[in-house]
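Two complexes come next, and they have one chain in common, chain A, joined by chain B in the first and chain C in the second.
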Partner chain A sequence: MTTIQQPRILGAGVDRVDGPLKVTGQARYPNDFNLPGMAYAAVVRSTIPSGRIRRIDTTAAVKSPGVLEVITHENADHLGEAPATFIKNPQPPLQDDQIRFYGQYVAVVVADTQQNATAAARLIDVEYDNHEAILDPHDPRAERIKDPWGEDTAWGDVRTALKRAPVMIDQTYTTSENTNNPLGLFTTLASWDGDTLTLHDSNQWPNMIQQVVAAMFGVPRDAVRVLTPFVGGGFGAGLRCWSHIPLAVMAARHVGRPVKLELTRPEMFTGLGHRTSSINWIRLGATRDGRLTAIEHESLTTLPLDGDEYEPCSSVSASAYASPSVTTRDQQVRLNIPWTNFMRAPGDAQGNFALESAIDELAWEVGLDPLEIRLLNYAEVDPKTGRPWSSNALRQCLEVGARRFGWSNRNPEIGSMRDGHELVGYGVAGVSFFWYQQPCSAKVIVRSDGSAYIRSAVTDIGTGTYTIMSQLAAGLLGLEVSQVEMQLGDSSMPVGTAAGGSGLTAALGSAVHDGCGRLIQKFVDLAGTDPFSPLAGVPFEDVEVSEGRLFRKGEPTRGESLARILAVHGLTELSADGSSTPNTPEQMGMTPAGARGARFVEVRVDEDLGRVRVARIVTVNDGGRILNEKLARSQILGGTVGGVGMALFEDTVTDKDTGRIANATFGDYLIPVNADIPDVHVEFVGEPDAFNPIGVKGVGEIGLVGVAAAIANGIFHATGRRMRSLPITMDAVME
Partner chain B sequence: MTTLTVNGTEYPLDLADPRVTLLDALRDRLDLTGTKKGCDQGACGACTVLCDGRRVLACLTLAAQCDGREITTIEGLESHPMQDAFVRHDAFQCGYCTSGQIMSAVALLGENRAGTDADIREYMSGNLCRCGAYSNIVAAVREVARHA
Partner chain C sequence: MREFRYERPSTVAEAIRAVAHDPEADFLAGGTTEVDLMKDGVFHPDLLVDITRLPLRGVRRNGTMLQVGALTTMEELAADRTLMERAPFVVEALLRGASVQLRNMATIGGNLLQRTRCRYFRDPAVPACNKREPGSGCEAVNSVARMHAILGASPACIALHASDMAVPLSALDAVVHIQSEEGERLVPLTQFYLMPGETPDRENVLRHGELITAVDIPLPPEGTRSIYLKIRDRASYEFALTSAAVAVVMDGPVIKEARVAMGGVGTIPWRGFEAEEVLREAPATPDTFRSAADGMIRDPFIVPGTAFKVELAKRTLIRALTEVTS
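The block that comes next holds the complex of A and B.
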């Protein structure tokens, strides 16, 4: 009972089990809950990037119709320190008069209606003492942090290799700030009952919110219950306990009523973090026939004054290609900006754009096909350690993608593939995504009718966790998918990990795998205590499970149903706790490989206007075992759309004098709309991964990575102009 | 007293506060939370509902303007083939924009604007999907339009 049985359930394009709820408006997101006596909160944000509050006048707001309470740093509760949970969480709001970034919360107003709360919030008058803000990453006064995660790498002699290299690429690539912007407005509905607290909250990790809120408010963890059965997207935005959450909790305690705090779209830009901008310096050394001799990649990303962030942009260059010498260095710089934070493929998204652009430049320099140069420098083993990969089908991604795309039809000459007034360009990029997994647990329960359910305090942010875990457990327990219910989104369930880092499916799936195995063992043991059971005396190893029945291998008639075993023993249900902890490379003798992928893009550039249109995309990915092709394909499609946004549109613009985000609306911060997205061909290749028992590699993020480089490389093929800065705008193409 | 007619039911509504949008009235007063708020600025389409059969943005429509009009929300669709097509084509992920996408798509059929994929893409472009399910949305609308 250690292998996954009934593959007919896995891989199959099972429809999303929560689909019917979502197409009828019945799925309830955190802001869809309304409680009796509920009051509404509205926040006030700072309008300077650095300084202190000299005076805050709430007189008019307090007198405004319907207002129940106004909280500022002058009357806020003193809260406990916010613990770090894998990464730092913002310290509690309204604890002092200091302003660290434009948009920091300085007050919260609670009223009987949202309209009254919002109107009153506008009446609060704040006077500030301005301090000089540091907003430019190049400002010499800014604090710089070298090698923030101890992950800088170096092997071989890069300096000498670069000096001796017959061909060298030495370029700088930049990416702009992007904002996650999940469509669901992040909301906290806080409700105290004595000393216990219930939160309906938008996040990607209920146990993290539970832990941080409990610490801040000085209550035991189990006194806080966080409910997130549905969340309107995250893309990383829900991986920290943001300051609006304790604000709502504090407000609810002040007014003695449930309080709903729903962020507005502009508040989503300052209150939930954003993808850092990045500067990447890349130097490649190569032989005249295009073989890499040196890779040097340095990056600079940004941090808020008091936060941390994991954005190892340069790390992608340590594992992507075989090179005898490699140096990667990351640096961060602290600024008076809202928090930088994880956004779909942190670090990889930016670093891959730089590396895959540079590799393309090298291909042109040595006169090699951009696809060929990637295959020529293919990393058969982990270049850092020399260990084999747990799985790696990048070569197949590139080869299959090239065939599907028709790469061989490409005329290598720049600007040669014209269609009317449009210049046609083909671009390619490869992707080696990072591996990430955290411990996770799940309880698996079989009921007296033979159906099953699983419980784990995780979230399904749209990735399909409800569905694929039902499929996985159905396969392991020998049930139909419709007989298994995945229950999640409740911190009181068995401790779950974050829906982040493309790591949930491996973590939770391995826990479910473990739990199902233990549960079957319990059923076998139970049957063994019944002398009349056909399974009496049959060892666990010899038991198979199918159609809700346990039976002896090769003897399908010698067995009995799970339901019958429960009935015989007078049980209403039987459960087992499953857990998973990630394996280590040392223990496995291999390097865990994240997903791998290749992007092939046809761009069309309007010769007169510089307008770039993406005409078609082929994206081939190795995600290990694919539990549900329909849903995995959706993850890749979604990532691809995000990649097009990063490449061509998305740019969180900060006013350089005030630190104010100048385009914090959907009217001004452009994301792709339906008409921007062409036909996308998605395909999966590869084998089950060897690093976890279910063979999966997450596919939530990889779809985004590589799209920007492929587009930029295609633009070069079309126009001869190299785009080294994202987003690629019409003026840059025309320059 | 204003009367809102939503999905065929008449709701008398005290709108002493004229600032209440149709979206907030639906969500906060009538507990019809299937209609979503994504921006409250008319830019994302998540709050799309039908008003006298035309698609409108509920966040840019004052509740008081809807006196005597027929409002249809996602809760008012009765097993529309578009809903089933969205599930089968996996035309959503988190599901937050889905009500608005479906209301837009249903209206599109009546507008005769779903003839080609290019048309569907263009006329569905007022509905943002941050999860990026656009190709699947086009596939779902195309299928229903062909069989309509």
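The block that comes next holds the complex of A and C.
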């Protein structure tokens, strides 16, 4: 019975259920909340990358108008250790005098107004003892960590294969640091009531914030309630408990009032992590007709002094193509830099640029169409284990995309297509995205009027979780979407996982699926206890649900409504707890495949000036079952824009001596504007995935991946110049 | 918060008097640069004298001259029909600057006085900036410079003048009307800005208490063709890496008269007198354009991040000349 009964509700472009709230300003984001007696906090950040605080003079700040409190390491509360939650969280701030990166919090000022807090924060005078900072990934003194996640892979004999390969590509590809920059300024509003704490907070995982804050402040987890019903974007920035959160909590405890701490845009650059830069060394061996015989991919990414990060750039090369020998190795280097952190498609975004550029180079080397070489080396099964994929429509992505794009119109010769001053280039890239899923839970409730509501502590970061889960539950309970109410973003609800890793839809969706199935079972059982019920004696397996009614399969008149069953039994509601835990590949006998995709890009390159313009993009993706095509398309569109940004603009620049981020404003850190984004054609292919009961593969990140490689490959086709470093700026393209 | 006083006088004379008599006072017009700098802690006036209600707004035709009130907004000037017909490159420069929202606030007088976008100037946490703290040094020259000047620059300062509008206005020999308690003086825009030299904090000839009241734009002869070509990293809402303002009068294949200025390259809007010499009475050929471009970029001061601008600037000018003469 746990199959989806009303497929018409799924897949369709149902409008966001939270859309009216958002466009009328009624959806309240963390910085929209204000509480009576609330005070405001402003942070002070270090202006050196390494050393210790010799003296911190707060005299003027303390005397400044409206100031209630100034907290430094000298008067900060001693806080407990921050537990790791999947990955590490920053240890509590202001616990010692050590400076580990430029921009580290060294004080927080609390005042009656934001202006007074900000003005007073500027009056704090800090003297430092400077230590030598390590800022260059190539610095031999820097600590290096090999195989940080135990995910390095090796099969076959890469060394011999490379030695014997008639054709070899051996190149280095680099990507720059990028900053997530969600539009909503991250805000924490902390309010203590005795020993219980309420947080309105910008994040992607309320239960994680709850757990970390509770541990730091030594209170039971249940004493902390984190509210994040809406958040102004995340792109990975909200997946850790960043230091401004305990600062706000500590400040609220010090002043005995609610305290609001809203980061500024420049503070967002140092306080929420950023995408690591990467260096990728790739060697490909191939036969003369373009068949891969060896792939070797090594990567080097960066870490802060006391953090960790999961950026498996080289793993991309272990699952993308069929090759009899593969080696992938990742390495990290610790620097005096602000935390590196997940940003939309961590590892994949960078690794894919390297691999898909190298594959393109190989195609040119052997004289094969770049589309053909990808089809030729297509991995029919998981090349690492030989197991079948849970689903994989990469071939279809490439073939359908090529047709939509008109790839056959491409003149293979370099520089052969031109339009005025502009050289025209076609570029393609394939994407095999990783799979990720964590346990999750949800409560499903049907009320006396037959409507449902569903609760889970996860948050909707704007991707459409409220909407697709309403659709899913409506489909499973035989209701209309309007009869389902979703409640999310409250840590006191059933424990939920992160809105990250493109894994929430599968995790929460599977939990909702489980909960709906259990609830229908309860209804059937309940009906079975009523001898007058038309469902009496009907086994669960034979029950269908539609239009709010349970009935016997093939006998639509033999049944009764959910509301009636409740009424007969004098119940106001009936609920069930749903949960999901992903199976293992061994259990399933298959390798779970993340989303798959293909990018086709037409670039225009001004030959003299090196200006690159993206003229059109076709992006075809296999996301398994698409629950809502309109919202999925939005995810791909947004990812595509991010991909153009990564390819051509985004570059978090660090001053080489001080470690200061030199472009920490929207005026200086370039993201694409509308005029940079051409028509983008989005299409979905593929079938429901076999690895989870609802058949979905997340599409939150994949849209970004592959865009940079396709653009770089297009530039090569147009100009014959190979771009191996992101972002691609005109000085690199100019001859 | 950091307190400051605010006044809004109703006459030009009152406004000038208010600023002249307080060394820590300044005029406030559109505020699109000034207020940002105050928020960032770069600029700390004790008194802001709001001039936005003064009768200094509007565009008047005066023979072969357009007289533009200093408080005319960028959008208003960009909509002027005469300017569109006679000197479209000024309109192009205006519309390629900032965003509509900013252009509706920003004034012509204020645009001429906009401060550099240099990241080291705009962050008070950076100790060394000769423009912000005279004598403190220049951090940009040793750091990551891209949006910086290659002409007029020196180890003391490589900050770029970021105005687009001032580039074609320099080419046209616009004249700035400056009012003070002593009376009015007129300064050609080509002599209005100061090279940074050893005093990068002094950016122009204005003395404290002097107010720009108008800008005269001489209209080029009928039949003049003009272009403003702006090259930048993204397609919109971004400052120029290089830009070229060119106006020419053609006689068949020969350039009779040429006006050239460039943006994105200089510590001030960079007028190309030598390039104009090369172009005058010369055939409109690639060789001529290359010579003009070589004459435009003389003795550049470069740092690693700006080295590419030498060739990019030349090619920008060549492209502009090619397009405007063809």
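Before moving on, here are some points about what is shown:
Criterion: the second predicted complex is superposed on the first by the 734 of 735 C-alpha atoms of A that agree within 3 Å, B and C clash if a C-alpha of one lies under 4 Å from a C-alpha of the other, contacts with A are read in each partner's own complex, and residues count from 1 in each chain.
As a convention for this text, a residue touches a chain if its C-beta (ideal position, glycine included) is under 8 Å from a C-beta of that chain, and two chains touch if they have at least 3 such contacts.
Computed from a prediction, not measured in an experiment: that's the story for all the values here.
Annotation: superposed three-chain arrangement on chain A; chain B versus chain C shows no clash, the two fitting side by side. With the two structures brought together on chain A, the opening angle seen from the C-alpha centre of chain A toward chain B and chain C is 40°, to the nearest 10. By the touch criterion stated above, A:47 is placed in contact with chain C alone, chain B being left untouched. When the two complexes are overlaid on their common chain A, residue A:672 makes contact with chain B and with chain C alike. Residue contacts after overlaying the shared chain place A:609 against chain C, while chain B stays out of touching range. In the superposed model, A:653 makes contact with chain C only, not with chain B. For chain A, the partner with contacts to more residues, out of chain B and chain C, is B. In the superposition on chain A, contact of A:734 is made with chain C only, not with chain B. By the document's definition of touching, of the two partners only chain B reaches A:235; chain C does not.
Within the superposed three-chain model, A:113 lies in touch with chain B and with chain C [touch as defined at top]. When the shared chain is aligned, chain C comes close enough to touch A:122, but chain B does not. Of the two partner chains, neither chain B nor chain C is touched by A:243.
Superposition on the common chain A brings chain B within a closest Cα-Cα distance of 5 Å of chain C. Judged by the document's definition of touching, chain A residues 113, 115-116, 119, 667, 672-675 lie at the interface with chain B and also at the interface with chain C.
Residue ranges on chain A touching chain C, taken from their complex, read 47, 65, 113, 115-116, 118-119, 122, 421, 608-611, 613, 648-649, 653-657, 660, 662-663, 667-668, 670, 672-676, 729-731, 734.
Considering their complex, residues 17, 19-20, 24, 27-28, 31-41, 43-44, 46, 73-75, 77, 83-84, 86-88, 90, 92-99, 102, 120-122, 124-138 of chain B touch chain A. Residues 1-2, 41, 117, 119-120, 123, 125-126, 139, 142-144, 147, 231, 233-238, 241, 308, 311-312, 315-316, 318-319 of chain C are the ones touching chain A in the complex. Chain contact summary for the complex, chain A toward chain B: residues 15-16, 18-29, 31-32, 34, 113-116, 119, 181-185, 230-235, 262, 264-265, 461-464, 630-631, 633-635, 637-642, 665-667, 671-675, 677, 679-680.
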